[in-house]
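Before anything else, here is the set of structures, which you'll find just below.
After this come two complexes, each holding chain A, first together with chain B and then together with chain C.
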Partner chain A sequence: MSSYSITEPPARHKWIAGVLVVTYAIITLLPLVWIVATGFKTPADAISYPPKVLFEPSLEGYVNLFTTRTRIGDEALAALPPPETWYEEIVRDRGMVIAGPSRYGERFLNSVIIGFGSTFLSVFLGTLAAYAFSRFRVPLADDLLFFILSTRMMPPIAVAIPIFLMFRQLGLSDTHLGMILLYTAVNISLAVWLLKGFIDEIPREYEEAALIDGYTRFQAFYKVVLPQAATGIASTAIFCLIFAWNEYAFAVLLTSGTAQTAPPFIPTIIGVGGQDWPAVAAGATLFLLPVMIFTIFLRKHLLRGITFGAVRK
Partner chain B sequence: MAEVQLTGVSKRFGRDIGVEGLTMTVGDGAFVVLLGPTGAGKTTTLRLISGLEKADAGEIRIGGQPVTHLTPSQRDVAMVFQQYSLYPHLTVRENLAFPLRSPILKTPEDEIARKVAEIAEVLRIPHKLDNKATALSGGEMQRVSIGRALVRDPQVYLMDEPLSSLDAKLRSDLRIELKRIQADLGATLLYVTHDQIEAMTMATQIGVLDNGRLVQFGTPREIYENPVSLYVASRLGLPRINTLPADMFAGAPPGAATMGLRPEHIEQGAGKPSQITRVEHLGDQTRLHLTLDGHDIITLTDPHTPLKGGESIAIQPRDALYFDAAGARIA
Partner chain C sequence: MTETPIDRAARATPPSVARRVRGLSDRAIAWIFVAPTIFLLLAVNIFPLIWTIRLSFTNFRANRPNREVEWVGLRNYERILTDSDIWLTMQATAHFLIWTIVLQVLIGFTLAYLINKKFKGNDLWTTIIVLPMMLSPAVVGNFWTFLYQPQIGLFNYIVEFFTGIPASSFEMIGSVNLAPWSIVIVDTWMWTPFVMLICLAGLRSIPDYIYEAAEIDRASKWRQFWTITVPMVLPFLMLAVLFRGIENFKMFDLVVQLTGGGPGSVTELTSINLKREAFEKWRTGYASAYAIILFVTVFGLASIYVKALNKVKER
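Right after this comes the complex of A and B.
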């Protein structure tokens, strides 16, 4: 060993850090891997003891997730024409026939509409509010900001009953609009605070230059501030989406039919045809995908976003 | 291009004075340099003219039109900031085209391409046009931000120490280039600098600010040779003007408290003997550091002088400036 550098840690430290990171990754990823794997098991494999690590993959969980099925007698089953599709075959093997589609598809679509809708609204309103707090002399700005933050100082579910009554009065119960507004109300304080931090970091000189270059304040905001706040907007959007996407308590309380999202729906699978864990796991796996894709899509921004406090000059 | 008139313009920031009762006319096609130490109100003056700050009192006219209530974009001025002037998310080309694409100018694309190429040539950055603005060196950034002002044809150019972050060679090249462009365009230009050479060589007039007030306005020659106060006299001159008690040499007018003696206004070989403390050979000139009755004096001498520290030399003033106790010029 000859050279020594202050900025480059010794190889041994790097090795230890590597081991720690890999260990942590295994611990956090294992449940996820298990859920994805369970989705491809048969119900018997899913509950076998000791647990099966190697198993013959099956799409039964996914078929069960998307269908409702009825058990019919062996004779009636034998009298039916041969199954026309692979998923019908899977169901027949269990002595059942497909009665119709399940409601998972529409619940999933509800989650997409409500999750992305409220994320868009939170980030849109949050950006405008954060810009105003950052750039203009707002009367009582500090008190207002504290008030905005204080809405997060208790768990939102603590006000569930007033909200429930309010929604009933306003006809917002079990509507997409109602859920979008509710999640936006919860997320907006986070959005304002996060985005204000990002916008504060953008020097005013850029906007001033744009004002002199012949642009109005709104155009300067749109052409100069927004592109530079992209990092903050992306990471705020991810945080908002994760909350709205995973929210369970309000969804159970305020939705039942038209606007029910996926989280309250997935547990109901358990009650339908016995404890169908592969179907639950399949539902959870598919449910993970949109947030995962969204996050990967914005990952470059997110990494800069959540470390902004640490790397700032 | 247009004339800029400020009449009794005042601006305070809380309790701090920005500018106070500023009255000044920047003639059409004039190159006016604002001088003054940090906090004297130079940048505030530019920001008031550009509309980035609103004056508390007074009136600003550009080309005869009152602009006090117009927004910056309506005033049609171009400004070069001291820092942070490039849009980091755009390329150099987009930065230069940005003002031309504004809703006020709406320049056709072929015209934009032509002007951008032309300016890039002048500022010697054509090979950098497609770089991200953040991928440039400090000097290149500053050149682009000057370029962003020059692509336009505004009523007035405002420049806040535009050359301060450049190296010496580039600074002197661009100084000449800027002066040439200004003269060619007949542009009205208001320029803030700390650099004496820039002030002396580029300005048609110099305005000296002291704590928000305009204390003298005149040609560089007037400011240098005929300052109204000790404050103005010490703004220009390198080495700085020597300040000595007025009675140190004979000939002080009555009431004089201080004598200002520019280094080149000290004759050697006659008068009072002084002690040489140090000799600085700068190549093109040699500075003599002297002490006389406990006062430090700096003067210039022949580059190949045989004088050494510790020796003694007789000196006497020529064309001394005299100031009263408050620093106002008497003679």
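Right after this comes the complex of A and C.
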């Protein structure tokens, strides 16, 4: 056989490896599948024994997630005009009426505002700094990775003590601006370092050619370097977004009413007698789904992002 | 290179004119580009750190900002280092750290090794395996408390299904013996893919010709594994352990949602303990000293570890 190679594993090994990996993947996926499935169960189905794999899907979890409801007496319920919408009908079937919207929508929106705000800021500032670190001799450049790692060694709770005091002084506690600035500061060292790696890979010759053609440095930066770094900037942005999106410790300590994001909120969704699991699962599904989709987009640069650029494929 | 008329013209331009034509000097641009980042890092990273150091020598309480603050010297540090509860916390953290790292390295390396056999569709399955790691630990941790419910939880049911131990006979989160393992299991589920990805990068960095040479020398597969694969993946594996070690030393979100440090304080890791001191008991000065001790510990251990890592890389 001409195509025979020593390093190509035999077909039987490949098959065994494939079966083992797929088995692991299915096991690891189970909790996630369970989150999605529980979101579509009725409360009774969610807590049945044995756990129900096949069930009649219901949107009750989603309705409960977005509404607050009050129980009223049977007579009062009978006296009401017939329900106008499908979600009112679901609630009425449980002997309740919708009292108003829940706070989930607000919390989700806060996550979006703070996530995108801090991502935009860290990528914007990070790209500028990364360009300078990559192309000019700047003092501190060599200490940067060390600095990133050392800021990540501090437990968030430890950093939260002075931040908490500082925000109280400056009136930034529980504000969107405060959280955006905080997440930007946490993300920026990662952003600078990742982007420096991406910009280092763009040959200097392109810019030099542009400079000779009469571009200023600044024009060369945004007309030549930026378009070349676009994929790098996009994947850095997704990493920053995922961090801000998932962050819990700062959010739970520094926000309460107006600027609270979804991660501290979702675990507090309760129903009658404990957590309302279908509603929690529905909230989690909506919250986790964007990240799952982003992860698939990020596949190629995933490793670089999670190791702060220490391992590049 | 031949000199063109343009080059000559460019050389003749006086610097002051050149600057007006070409815009700002490189040096100015470098500073303008870097300054906002440096400022932000100083304001939100360095300044708070210095403030924490200062607070650690006082008896300040953040819930009573008007009370007079006393300078207490090293008393906070002394009290922490002699407190037996803190040593229990450290033990809980050590249990969590050691077991998560052992399990993640074993499973992560095995998976990477299997994926590197390049079976059909390995890219797709790798992406699926990676998913848990990217998700919000607090949200996922909260949902795991549902999976761990004794009567109705999926986890307990699966254990019953495979081992016959009744699902309602054990509580992963509620029992003193099992709770430390409940957090190890979830963390391993979540972060094994991280170790796997790094090992995979290590395995893929080994050039084929090394194996080909070994094959010509008639080295057995077993021997090739121990003398080529393992030593060449080791630096990558050590890097993965460094990251997981730092991350799990400061673990907060996942565990606080799963067990909240309980039952009693068997899963009260250092970060959860610190949160209790700082934001429930409001002993800000004491907690600041605690934070500094933790920081110095991680920093010291990580520095030693990085030195070892560099030695392995040099070999």
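Just so we're on the same page, the second predicted complex is superposed on the first by the 250 of 313 C-alpha atoms of A that agree within 3 Å, B and C clash if a C-alpha of one lies under 4 Å from a C-alpha of the other, contacts with A are read in each partner's own complex, and residues count from 1 in each chain.
Everything that follows uses one rule, which is that a contact is a pair of C-beta atoms (placed from the backbone, for glycine too) under 8 Å apart; a residue touches a chain by one contact, two chains touch by 3 or more.
The shown structure was predicted, so the numbers you read here are calculated from the model rather than taken from an experiment.
A.B. asks: Considering only touches as defined above, state whether A:T216 meets chain B (first), chain C (second), both or neither.
C.D. replies: Once the two structures are laid over each other on A, A:T216 reaches both partners.
A.B. asks: Given the superposition on chain A, which partner contacts more residues in chain A: chain B or chain C?
C.D. replies: After superposing on chain A, more of chain A is contacted by C.
A.B. asks: Which partner chains sit in contact with A:A78 here, chain B, chain C, both or neither? Use first/second/both/neither.
C.D. replies: neither
A.B. asks: Which partner does A:L54 contact after superposing on A: first (chain B), second (chain C), both, neither?
C.D. replies: Touch partners of A:L54: none, neither chain B nor chain C.
A.B. asks: Identify the partner contact of A:V224: answer first if only chain B is touched, second if only chain C is, both if each is, neither if none is.
C.D. replies: The first partner, chain B, only.
A.B. asks: Following superposition on chain A, which residues of chain A contact chain B and also contact chain C?
C.D. replies: Dual-contact residues (chain A): 211-212, 216, 219.
A.B. asks: Show which residues of chain B lie in contact with chain A when the two form their complex.
C.D. replies: Residues in contact with chain A: 50-52, 71-73, 76-79, 81, 83-85, 87-89, 98-99, 102-105, 148, 152.
A.B. asks: Which of the residues in chain C come into contact with chain A in the complex?
C.D. replies: Touch list, chain C to chain A: 6, 22-24, 26-27, 29-34, 36-38, 40-41, 43-45, 47-49, 51-52, 55, 62, 107, 111, 114-115, 117-123, 125, 127-140, 142-144, 146-147, 149, 151-154, 157, 167, 189, 192-194, 197-198, 201, 204, 208, 211-212, 215, 236, 239, 243, 246, 249-250, 252-253, 257, 270-271, 274-275, 278-279, 284, 287-288, 290-292, 294-295, 298-299, 302.
A.B. asks: Any idea which chain A residues touch chain B in the complex?
C.D. replies: 203, 205-206, 208-216, 219, 224, 227-228
A.B. asks: For the complex, give me every residue of chain A touching chain C.
C.D. replies: Contact set of chain A toward chain C: 5-9, 13-15, 17-18, 20-22, 24-25, 28-32, 34-35, 38, 46-51, 125-126, 128-129, 131-133, 135-136, 138, 147, 149-166, 181-182, 184-186, 188-189, 192, 211-212, 216-219, 221, 242, 245-246, 248-249, 252-253, 262-264, 266-267, 275, 277, 280-281, 284, 287-288, 291-292, 294-296, 299, 302-303, 306-307, 310-311, 313.
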